[in-house]
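For clarity, chains are labelled A, B, C and D in written order, and residue numbers in each chain start from 1.
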């Protein structure tokens, strides 16, 4: 297992998941020969999905014809395929309960709209809820006005793709649920989904070896993506835009974060990416654009940050004193109000060959590396990092004067936080 | 015309006027003389309402100075140093003073402009006027209206001889028309030439208050200057 | 000298005016951030607060964060009181050291210790507890939090 | 009323013609235009302008105000020998000084900003009105100083120190205070202390109105809650008015009793 996890960081796609899916699909493609197709139709014999589920045998396919079905708590405990015709809608009428509750292996659900899931303060109601499942495929599902949209617990080997999930934009954090919620799961693949107006777009807790890619999470009330205690997972090519607080990756080791875009996560307690107690991870080729803080890191160790773009953030990086042995190289820091803030009194992180738009040094030998080291920390960021209230002096004349004085006679800014080889040219990644 | 009774004024611990009793006779020129710091200017400013006195009473034609500011209509004042807003023209300042003085008629304006040859300066900005011209402007402002009382603080200081003569003639002319004058001055010879009465102030007290002619006669001296020096010696 | 004394006195009055209360402050869900894990606090069923001797209030999303904070960033002797939200009455505060904790996977907590707080045993009736739960005291929760969460 | 109008009018006439004010206005127009031209990023423009409007403008206000009043002493005396009320003269002097400054601010900063179309009119209005309030405050402090302190150089020194205190030293104290009492619940006190200082209040008020607000974090959010609430709006406006009113009226009573 350890070997496998180590490999995770190096190899981009998850082969095991792919193979599983192919196997799964193979199984199902043979199925129609031996299994039946059961039609649900508002004007047919079977008028409700529940009745169809009742009559269905293992590996049957339920085909839901166009129409609005006012149903909830559809309980599934046998391997089935459910496919909706265009315009097939399940409306839970905001009553407490689930859309579908699934406890089985080998389940496929496709092309269906589920809407109006009821709010509950005690139960985690969801459009699609899975408990102890295996081999599941969810595709082209639209969930509107959801509480939790898709919820998995204690499950493995499943794929969620091309879904559009959305909560109610008028809700607050405390009465909305997560878009895709995984708890004690493994080998999940989540791709090409659009998630909006949920509490957290994607939520991972105690999840292992899973892949999140090319998703678009926007306007979620708290986080676009929230990772807790979920080792050896990857996310790549996702866009997290204008979420309440950004993306949080916490208490996790070996996370592979590549080619994501973090944009417009702008608010008093927002950041593009929050890293809290993370070890041995890799952050590369991400774009951090217009966030209050690009990356906020606390207790982050042995992580490599390379080839990222930090553009127009309030703070590009905020690093607390307990972050150690991280390396930042070949990153672009462009037009950020502040580049690095830290309250560390020692050099525990390495900055090497980054491009800093704030750099005003020269390059006499024309090797593309500035001849003067660059200190990306300003006095104000240090003060703020150790004293929250000092932020009120932002843009004050008092701070301006001290910044100028500090530039002329450096005395407070730590000289160890330095990029000794700042790049003269912006990298193209 | 002006009656001052038992006037006291101190700035903090510094007593400047210590019980002044005085009256300016109608139609007479009273010269107020005394060394620097004796309290001449303070006395003037008390009459003008610029300084609030601690004790006593000042009546101008039965108007109590401390009760109503309108009595100032009766007074024309010429300060020792005239300083005016730099970016206004002389004419604008004259107009402003006319506007601020309850719309009294500036009956003497043309006469004064003529007298001081002021026409070429009327449309100049104050910052371009020489010291002497500014002094003339002060004089014009003081004599604009037919006032009953004129208070002049060193009216001839800084003026060229011709203008000095002009001012003296003006004072004499106004006196003949019945105006009362209080003139602060240093120069005893000058005072002698046009004043009727002498008031000599020393350390906040009046030591001489008499018609000039009488004063010279009593001391038996040739002129006012000698008389005053003699008087002061006797005092000491 | 007198001026300094007056200034000092004013400050003291200010401080007294603020620090005297020993009442937890309402958490603004969706706005306030957990002092320990930095997460936005969103779930009204969970929430905890520390009030220090000096009167400063620290807010947490859940009791395990509070315990972690009390044992790593603050010193226990600096703390005047510990508070936690009553799971079944989310607007009410319970003295965390006297609360009853129920540990069950039925109600996963934001940080995974899964120990909800209630004020008395009668409150359990509202939970529809399924078998497999544990009842813990404050001391148990502190111990478990230290073992499983703080490392 | 008529007298007040006349005094105000002649003063405005006098000040507007002064080289000083003309140069300052053109300087402002030039600086503002350059800032707009070279930064072309609305939030950076606002930040740069804030330094000019909330730091430089008050300095010019308090110094120019004091110098002007000291220079006008003799003329004030002369005007006082005319049959007018002292209070009318005082108010007239104040209005006459403040109005040119308002015009200078509008012309020097407002016009280039409005012409550039870079910043929404609402925010320009906010920026200008806050700046105007600040100038009024510092002019009124100049009135307070000149009515109490006869000696010109001492008066100007004090004017400068008051400016320095409000825009610089005060913030140092604030920082020191927040460090010293970090462990206490000082949020509200800090809020109060910041609001008391007109320059800090002006700065935060503007910062909170554009996107930089988020950079103030949770502490800023507390301010935002306070300032955006209707009561907060009233209070912030009231604080500025009080800052104008108190020095003005203390000066006023002193002026009425003063010996010239």
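Note that in this section contacts are C-beta pairs under 8 Å (C-beta built on N, C-alpha and C of every residue); 3 or more make two chains touch, one makes a residue touch a chain.
The shown structure was predicted, so the numbers you read here are calculated from the model rather than taken from an experiment.
Chemist: So using the touch definition from the top, which pair is joined by more C-beta contacts, C-D or A-D?
Modeler: Counting C-beta pairs in contact, A-D comes out ahead.
Chemist: Centre to centre, by mean C-alpha position, how many angstrom separate chain A and chain B?
Modeler: Roughly 90 Å, centre to centre.
Chemist: Centroid from C-alpha atoms only, then distance chain C to chain D, rounded to Å. What do you get?
Modeler: Distance between chain centres: 45 Å.
Chemist: In angstrom, rounded to a whole number, how far apart do the mean CA points of chain A and chain D lie?
Modeler: About 48 Å, centre to centre.
Chemist: Rounded to a whole Å, what is the gap between the Cα centroids of chain B and chain D?
Modeler: Those two chain centres are 42 Å apart.
Chemist: Please set out, as single numbers or ranges, the residues of chain D touching at least two other chains.
Modeler: Residues 186, 218, 221 of chain D each touch two or more of the other chains.
Chemist: Identify all positions of chain A at which a residue touches two or more other chains, and write them in rising order.
Modeler: 268-269
Chemist: Name the residues of chain B that each touch 2 or more other chains.
Modeler: None at all.
Chemist: Could you list each pair of chains that touch, in label order?
Modeler: In this structure, the chains touch in these pairs: A-C, A-D, B-D, C-D.
Chemist: Along chain C, where are the residues that touch chain D in the complex?
Modeler: Within the complex, chain C touches chain D at residues 14-15, 18-19, 31-33, 52, 54-57.
Chemist: Contact residues on chain B for chain D in the complex?
Modeler: Contacts found on chain B: 11, 45, 48-52, 69-73, 75, 77, 79, 81-88, 92, 96-97, 99-102, 125, 141.
Chemist: Per the contact definition, I'd like the list of chain D residues that touch chain A in the complex.
Modeler: Residues in contact with chain A: 47, 50-51, 54-55, 167-168, 171-172, 174-175, 178-179, 182, 186-187, 190, 194, 199-200, 203-204, 207, 211-221, 223-224.
Chemist: Could you list, by residue number, the parts of chain A that touch chain D in their complex?
Modeler: 266-270, 292, 314-315, 337, 383, 387-401
Chemist: Could you please specify the touching residues of chain D with respect to chain C in the complex?
Modeler: Answer in residue numbers: 181, 183-186, 188-189, 218, 221.
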